[in-house]
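Same chain, two partners: chain A is paired with chain B first, then with chain C.
== the complex of A and B ==
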């Protein structure tokens, strides 16, 4: 049971999540995104091995963002009519407006939860392999992305190295974080120049070992679509249908 | 489309996608915190940053698809790193990339001057706004507020992505590491090589 979300085919999961998002975006009542949000959390609670502390940490900025959506929609919302439920500092808030604001805020929460579900239950390398095998992504692109992904730790080291080298030569560190953001190009240009050289070297190495990038039918690590995927697709579609129908009925 | 691509160009895009994927994520987090204070408007003025990789890659590689694929790759890398935006980033990456690509396609992939690059930034801004209008429910907001958001996003696309992209591309060319790519050949006046 706790493996179900982890064992799903990543492409199937990806398509289901994208579909659900597009469907939810059609609804402006507060209940649909709310029901969907709760069900996705329940789904992840019962069918995955998530580290919930980390999950909460990731969720935090999005909760803050959702709050931003809530109040802007209340203040800058389109005129929708409806009865005034409360006034604040000369601002009348109608029930319709409040419902819409709640809906958008819950939408942010629902989408973030859905995205976290994917992030917490999907192995990145399997995802790329699956994109290549199930969704026919060109191997040239798929392996290109994988090369980039494997270079991540190297890039991190390089970033620190460049910074240290610059400090060694007496380049001043900016005090404020926003100043540091603006002086990013000091580090960005050497990083990119290094990336260009790495790209050339690794492409050369790949070609020297016989990588052509031609589409193929046999794979070293096959990723398959199985019964779990059919089952889980059913679960996702039921959740989606219940939130859409239930949300429209409740409001 | 990929037939005419050299492997080193594909890998170059991917590595740029990694660098900018990280930059993008940093800005997503910064913007999210901003957004609590000033609402969705917080994202608008920095939107151009999220279009920049497509413009830099197209400026360097100059082949059909460079803008679209690099932006999609950057989104994919952001998903691979693991973040809370998840798969929907890929969709927005595809759409932003298509916007920039459309601008380059309109000019027949022949001109890569500052105006075309700014147009590409605007293309991304317009495409992403249409998508955002739908997915984030801007229809629920006041039309004049939406118009303000749109204007800021277009300006941000043109200035940060267009001008900023050219600036970074030129700075990179000056380092001499881009020999062997279309941008260096074009500088020598040998455009079609």
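== the complex of A and C ==
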């Protein structure tokens, strides 16, 4: 049960999530995104092994963003009419304004939760392989991304090493963050110079091993679409339908 | 006569942005089963020639080819893209940028997928390649977590899984410690005898190959064929003898230094001292903590315990450009403002930096970059210099230049601590040797005590320079 979201075919998951987002975007009542948001969290609670602490940390900026939407829509939103339900400090908040504000805020929450669900339950390598196998992404692009992904830890090490070496030279840590951002240039130039060289070498190594970018005839690790995917597609569509219908009915 | 594999007829090659030809009128034949080494000074076009043979050039650089190149008795241009790479496999120099998949198994499978091998043949071929390279246990290991030597072995496995007829090697030993390098050669020898591979290698460190090669093709700086002869096993570059220049004053005192990062004991408490003008070589197996020691000495890593007492420690990383902060060599040396103009002029003069003082530090040669880095450290009043692997990937001329530089500076009172895998270089330069193993210091020995002590050498993955060349006799 806890593996269901992780074991799904990444492309199927990707398509389902994109579809859900598109569908939810057409509903302007507050209930639909709210119901959808709650069900996605429930789904993730029951069918995944998420590190919730990390999840909360990632949700923080989105939550602030959602609150920002709520606030600005309530305070600065265009006058739409409807009955005043609330008034303070010379501001009149009508029920329609409030509903629209809530709808926007929940939509932000629903979309960010959905994106995080994908990010937390999908192995990037598997995702790229699946894009190549199911959605016919060109191998040139797919393996390009893959090499970049392998480079990330190497680049991180290099960044730290250059920074350390330069600090030894007496390159001072700047006090203000904008100055620090500017002095990043000194670290980035040697790093990028190295990255260009590395990229060329990798390309040569791949080509020397017979990689031409042609679509492949057989995959060692076929990523298949199985029963789990049919089941989970059902679950997603039920959630989508219930929140759309329930939301319309409740408002 | 065995089948002809490569046939070059008056072959020339020029990069579109260059004015001169990189390769100039080369004619030669290579037959099946030959073991050929390509030699010549840095920048003479050895790698370019290798890339022409596996068809990476001219397509990847729009280079201009003149003359005729036949592969397996068919003109090179008549092959489709990628077709020739099924028969000619290549192992490159840099172990960090040869892979595109996370694990060993997936990397091998990537090669097979390129060759359009059917799925049911993949498993047995992967098993075979793993067994051949002794990597069976590492099948599911993440490649980036392996050491440089192991990565090179994985790269070779990826080349061999193609069942190639020819293996091209581009300085495959340059990142390996001497012991691992020797193992690699032994293993390749057995493999070559088994499968009658044709092997062409570019290599500077010929002494490590012993009698592996049977033919040597030498290029000169103009990209012309300088010699094509039978290979005779080589001694390493021989360095001139030097007198030590140790002075009586202490330049560096280390007491109870240890490093613990994230609960991992990287260095157990160690103490030693170094005199002014002394040259210390730090040696030990790959991953034993040599670099950690160096970085904690100069303060890049935080010391957990212990004190380091010195006249000022400078650090020259393997890539000296990591240190550069300005756009001009002269400014680079003067950056810290710790020396006055007269001292700076003197330093620039003695390090031969005057002629390049207006150049951009990134646009000069590797040797020059290192001199700028040393200059910057000395101008910064850091007379104890730590050098991390200055010898890796350097040709004979560059090694001699480095030797001269260090010898000269030590006479002027600079103290050196050097990490190197090049035993010949170490033997001719070191006054003392600091042996490190698994994060512990075995001890600091006088250099001549170490080279004779077989037990000590083997325990630290070192090869006696004596077995390689007679020069170490001068220490006996």
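Assume the second predicted complex is superposed on the first by the 247 of 251 C-alpha atoms of A that agree within 3 Å, B and C clash if a C-alpha of one lies under 4 Å from a C-alpha of the other, contacts with A are read in each partner's own complex, and residues count from 1 in each chain.
In this text, contacts are C-beta pairs under 8 Å (C-beta built on N, C-alpha and C of every residue); 3 or more make two chains touch, one makes a residue touch a chain.
Given the structure is predicted, the values throughout are model-derived calculations rather than measurements.
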Chain B and chain C placed together on chain A: clash or fit? fit
For A:38, is the partner it touches chain B (first), chain C (second), both, or none of the two (neither)?
neither
Quick one: is A:147 in contact with chain B, with chain C, with both, or with neither? Answer first, second, both or neither. both
First, second, both or neither for A:221, with chain B first and chain C second:
second
Open item on the list: Under the stated touch criterion, which partner chain does A:4 make contact with: chain B (first), chain C (second), both, or neither?
Closed with: neither
A:193 contacts which: chain B (first), chain C (second), both, neither? both
Quick note, chain A centre (C-alpha) to chain B and to chain C: the enclosed angle in degrees to the nearest 10 is 70
(message) Quick one: is A:164 in contact with chain B, with chain C, with both, or with neither? Answer first, second, both or neither.
(response) second
*If you stack the two complexes on chain A, which partner ends up touching A:207: first (chain B), second (chain C), both, or neither?*
both
Per residue count on chain A, the busier partner among chain B and chain C is B
Closest CA approach of chain B to chain C after superposing, in angstrom, is 7
Both chain B and chain C touch chain A at residues 147, 151, 189-190, 193, 198-199, 202-204, 206-207, 211
Contacts from chain B onto chain A in the complex sit at residues 2, 5-8, 10-19, 22-23, 29-30, 32-33, 35-42, 69, 73, 76-77, 79-91, 134-137, 139-143, 145, 168, 171-172, 175, 177-178, 180-181
Contacts from chain A onto chain C in the complex sit at residues 125, 143, 146-147, 150-151, 153-154, 161-162, 164-171, 186, 189-190, 193-194, 198-199, 201-212, 214, 216-222
So, in the complex, the side of chain A touching chain B is made of residues 14, 17-18, 21-22, 25, 28, 58-59, 61-62, 64-65, 67-69, 71-73, 75-79, 100-101, 103-104, 107, 111-112, 114-119, 124, 127-128, 138, 140-141, 144-145, 147-149, 151-152, 155, 181, 184-185, 188-193, 195-200, 202-204, 206-207, 211, 213
As the complex stands, chain C meets chain A at residues 51, 54, 56, 60, 81-82, 85-86, 89-90, 92, 94, 96-102, 106, 109-119, 122, 143-144, 155, 158-159, 162, 295, 298-300, 314-315, 317, 319, 321-325, 335-336, 362, 376, 380
